[in-house]
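Provided herewith is a single structure, encoded as structure tokens, for subsequent inquiry.
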Amino acid sequence: MWSLSNIASGIHEWLSKTFPSTVVTVVEMVIVGVCVISLFAILGLVLVMMERKVSAWIQIRLGPNRVGPKGMFQSMADTVKLLVKEGMTPTGADKFLFNLAPYIAIIVSMLLMAPIAFAKDLTMWNLNIGVLYVSAISSVSVISILMAGWASNNKYSLLGAMRSGAQIVSYELSAGLSILCIVVLVGSLNLNDIIASQSNGWWIFKGHIPVFIAFIIFLIAATAETNRAPFDLAEAESELTAGFHTEYSGMKFALFFLAEYVNVFIVCAIGATLFFGGWMPLHIGHWEAFNHIMDFIPSSLWFFGKIFFLIFLIMWFRWTFPRLRIDQLLNLEWKYLLPISMFNLLLVTAMAILGWYF
Amino acid sequence: MFIINYIKEIYSGLKSLVVGLRRTLFYFTHHKEIITEQYPDNRATLNLAQRFKGEVVMPHDENNEHRCTGCTACELACPNGTIKVITKFDLTPEGKKKKAIDKLVYHLELCTMCNLCITACPSDAIKMAQTFEHSVYDRSQLTKVLNFEGSKIMDGVE
Amino acid sequence: MVEELSRTEEGNIIINVGPQHPATHGVLHLVITLHGETIQKVEPHLGYIHRSIEKMCESLTYRQFIYVTSRMDYLSSHINNHACALCVEKGMQIEVPERAQVIRVLMDELTRIASHELWWGAMAMDLGAFTPFFHAFREREVINEIMEDTCGARLTMNYILPGGVLEDLHPSFQKKVKDFIVLYKRKIAEYDEMVTGNIIFQNRMKNVGVLSAADAISFGCSGPTLRGSGVSCDVRKIYPYEIYNKLEFNEALETAGDSFARYMIRIREMNESIRIIEQLIDNIPEGEFQAKTKAVLKLPKGEFYQRVETARGEFGIYIVSEGGTTPYRIKFRSPGFSNLSALDHMARGGKIGDLVAMMGSLDLVIPDIDR
């Protein structure tokens, strides 16, 4: 069958036949790098377009509809605009850190791509501690925000960065705890093992209410960790104009922008892997015919479909809710999400020990 | 008791959020509710209000005749000096001198469309037009002469 | 140099919010002293949009100066015009036909709803919810179209003249207003779903910017800001003008004095305005829409004051006349200016996010403050 994994293994076989193994590794790394960068570019274009259309339809508007058929090339035109814009550095800014910050943001999101299984047998790096790796690397992203806020020599930026620091550090906890719920049930940190454990049903269905609560907490924490509304306090344009990226312009701003969308994509990918069975097709009990039809849909389509569903949820939140205040944000985490997810983890552990799941 | 209140609080909070989400989902899925007017495309079908105050014009009939006597009532009524009436003296067939307008200069760039000149005019010589696309490349183009070239006052208008 | 100016001795930082800032809705400049995120002091700097309207009015006749007042509080421009016309009529003792009075009140209330609609959207946008802004504009657009039909303009109508109104109602007016009432009653429930009931919104608004009744009075607040603190101050009730004493409507009152109270006042005021319109729309008396006035208006020597209730509070106009065709001196009492003065008192001890919520709940219109 024609699939992404077949193409990958085909390339690998052909390379192994023609070149020595060192060269093969190097060439494969280059191919993967190019793939990741082009995935980034495409994701940026698609997600910006999607956000604009979702917001437009919710706000009873049409959204972009002028550039290209149905306005499809609008984000392309925006990219060109951002590329040719002058990237300014304000006076008094720490030039090195100011220029470094957007690259750290983008590198962090690139690193997060590594352990994700995009389709059946298609993982860049089949890591046995995948979940741990993801939660570890994702906390690095706060450094880029703090760096940008500090180096801008702007008090709006500084306030935004400090807010973001407090926010990401606290929401890591409940995100981690809700991920742990699945880890407890599966007994493995490997993302591929987690997917394999869902071959007879996704965890969101198998895990009863505790896993559903864990999913909701994960969704809230993921929204907060990616600095999206209603938790976009780091940007908060009605309070801090643009928060940590107030002073950025041109391509450096675009990198922050891109990193935000790619981060959304990645947390949704993690969410889809943990709770919705990654690339596993939807199977319902003993409906053999239905299950067979579902199997015909390529696994990568399943995966991307689930991711985009979750991304839609996050966008939907953004265009519905007002923003929280900084102390309410921390209250929500420490008084509500953290106790609930701890209690929930206990429940899930009990469930896993007693085997109360399908 | 504390636990029950805690759970109640979370429940009511989540419920209020879900209510809002349902409303936005309704608009997301119902594209008929979209009210955007795609302006330059719908120019042909654009419905402007009959009384819309767009700019002051002086209607002329088919004989190139207007109703303005040059009484300068509009000039006096205007709060910001938008209208300037330049008069001249025409000779009537009987050889008498008669006051008439040479030019009625109208500064669109100063006009606030307050309609005071229209109400002040005793002979209904000027009225508001329903135009609105006033942008030009040069400011001088906004200074207009309202009476046409070679136009005369209508018979019977004093 | 910049570094030294931006920090105080106690280690507080000073931030300039505005004159170009998304939350100030205009060219308001606030200098905030912050301790971390907590506000120590708010100092409004005015003058960015000062057009010396009061001085301009001194050189305009009593018919002409009305159009300038539309440019002050542009969201309730019709009510400003109304105040000016009433003041001139008071001075000249012009008897306004009843039809004109009813038309004026109808337009006032429509303007009030339109103003509150815009405020509602902008308020939600200040708090970070973007969608309500567009939904509010959809309903406001209907009112604007009604205005456009009858007055010929959407925002700065200049529809009221001393002695009556400029033109008679458009034939479609009654039908369109009735349609709007039906639409409004359907949509106001959506407003509650999306914003009022929302837990995040309530938490952002409740117990934020609390203004006690005594403070509100001493700052000279008026309108929804004062009524939110539980003081009855509706000019339409206390000093009724036109036909307001014949109408049945309640004055919206809340006692909490916080931003949410001010929010609820405005929502309830919209409902009351709808009630007033419902009472009047089928009972517009026949007759003249304008009293016979002289071509040149001359106010007798003396001093005249007239107050009205705009969407933001009490708007007063004070004319000193020397008996000529132009006023000797005009003073406007704009509600926004006094309401803004309470901001510092309310904001101290709050967070930056609270400041935005307070400014939203005060419903500041900057040209109204600066004139």
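In this document, chain identifiers A, B and C correspond to the written order of the chains, with residue numbering beginning at 1 in each.
Keep this in mind: a contact is a pair of C-beta atoms (placed from the backbone, for glycine too) under 8 Å apart; a residue touches a chain by one contact, two chains touch by 3 or more.
The model shown is predicted, which means the values in this text are computed figures rather than measured ones.
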item: Most centrally placed chain, judged by C-alpha centres; value: C
item: Farthest chain (mean CA position) relative to chain B; value: A
item: Interface with more contacting C-beta pairs, comparing B-C to A-B; value: B-C
item: Chain A and chain C: spacing of chain centres that average the CA atoms, whole Å; value: 45
item: Centre-of-Cα separation between chain C and chain B, whole angstrom; value: 25
item: Intercentroid distance (Cα basis), chain B paired with chain A, Å; value: 52
item: Chain C residues counted as touching two or more neighbouring chains; value: 131, 138, 194-195, 198, 200
item: Sites on chain A at which at least two other chains make contact; value: 58-61, 319-321
item: Numbers and ranges of chain B residues touching at least 2 other chains; value: 17, 20, 23-24, 27, 35
item: Residue ranges of chain C in contact with chain A within the complex; value: 2, 6, 13, 15, 21-23, 37, 124-131, 133-135, 138, 194-195, 198, 200-201, 203-204, 351-356
item: Touch list for chain C against partner chain B, complex; value: 60, 63-65, 67-68, 131, 138, 141, 145, 148-153, 156, 158, 161, 166-167, 170, 190, 193-195, 197-200, 202
item: In the complex with chain A, residue positions of chain B that touch it; value: 10, 17, 20-21, 23-25, 27-28, 31, 33-36, 38
item: Contact footprint of chain C on chain A as seen in their complex; value: 55, 58-61, 92, 155-156, 159, 163, 229-230, 232-233, 236-241, 319-328
item: Of all residues in chain A, those that touch chain B in their complex; value: 54, 57-62, 316-317, 319-321, 336, 340
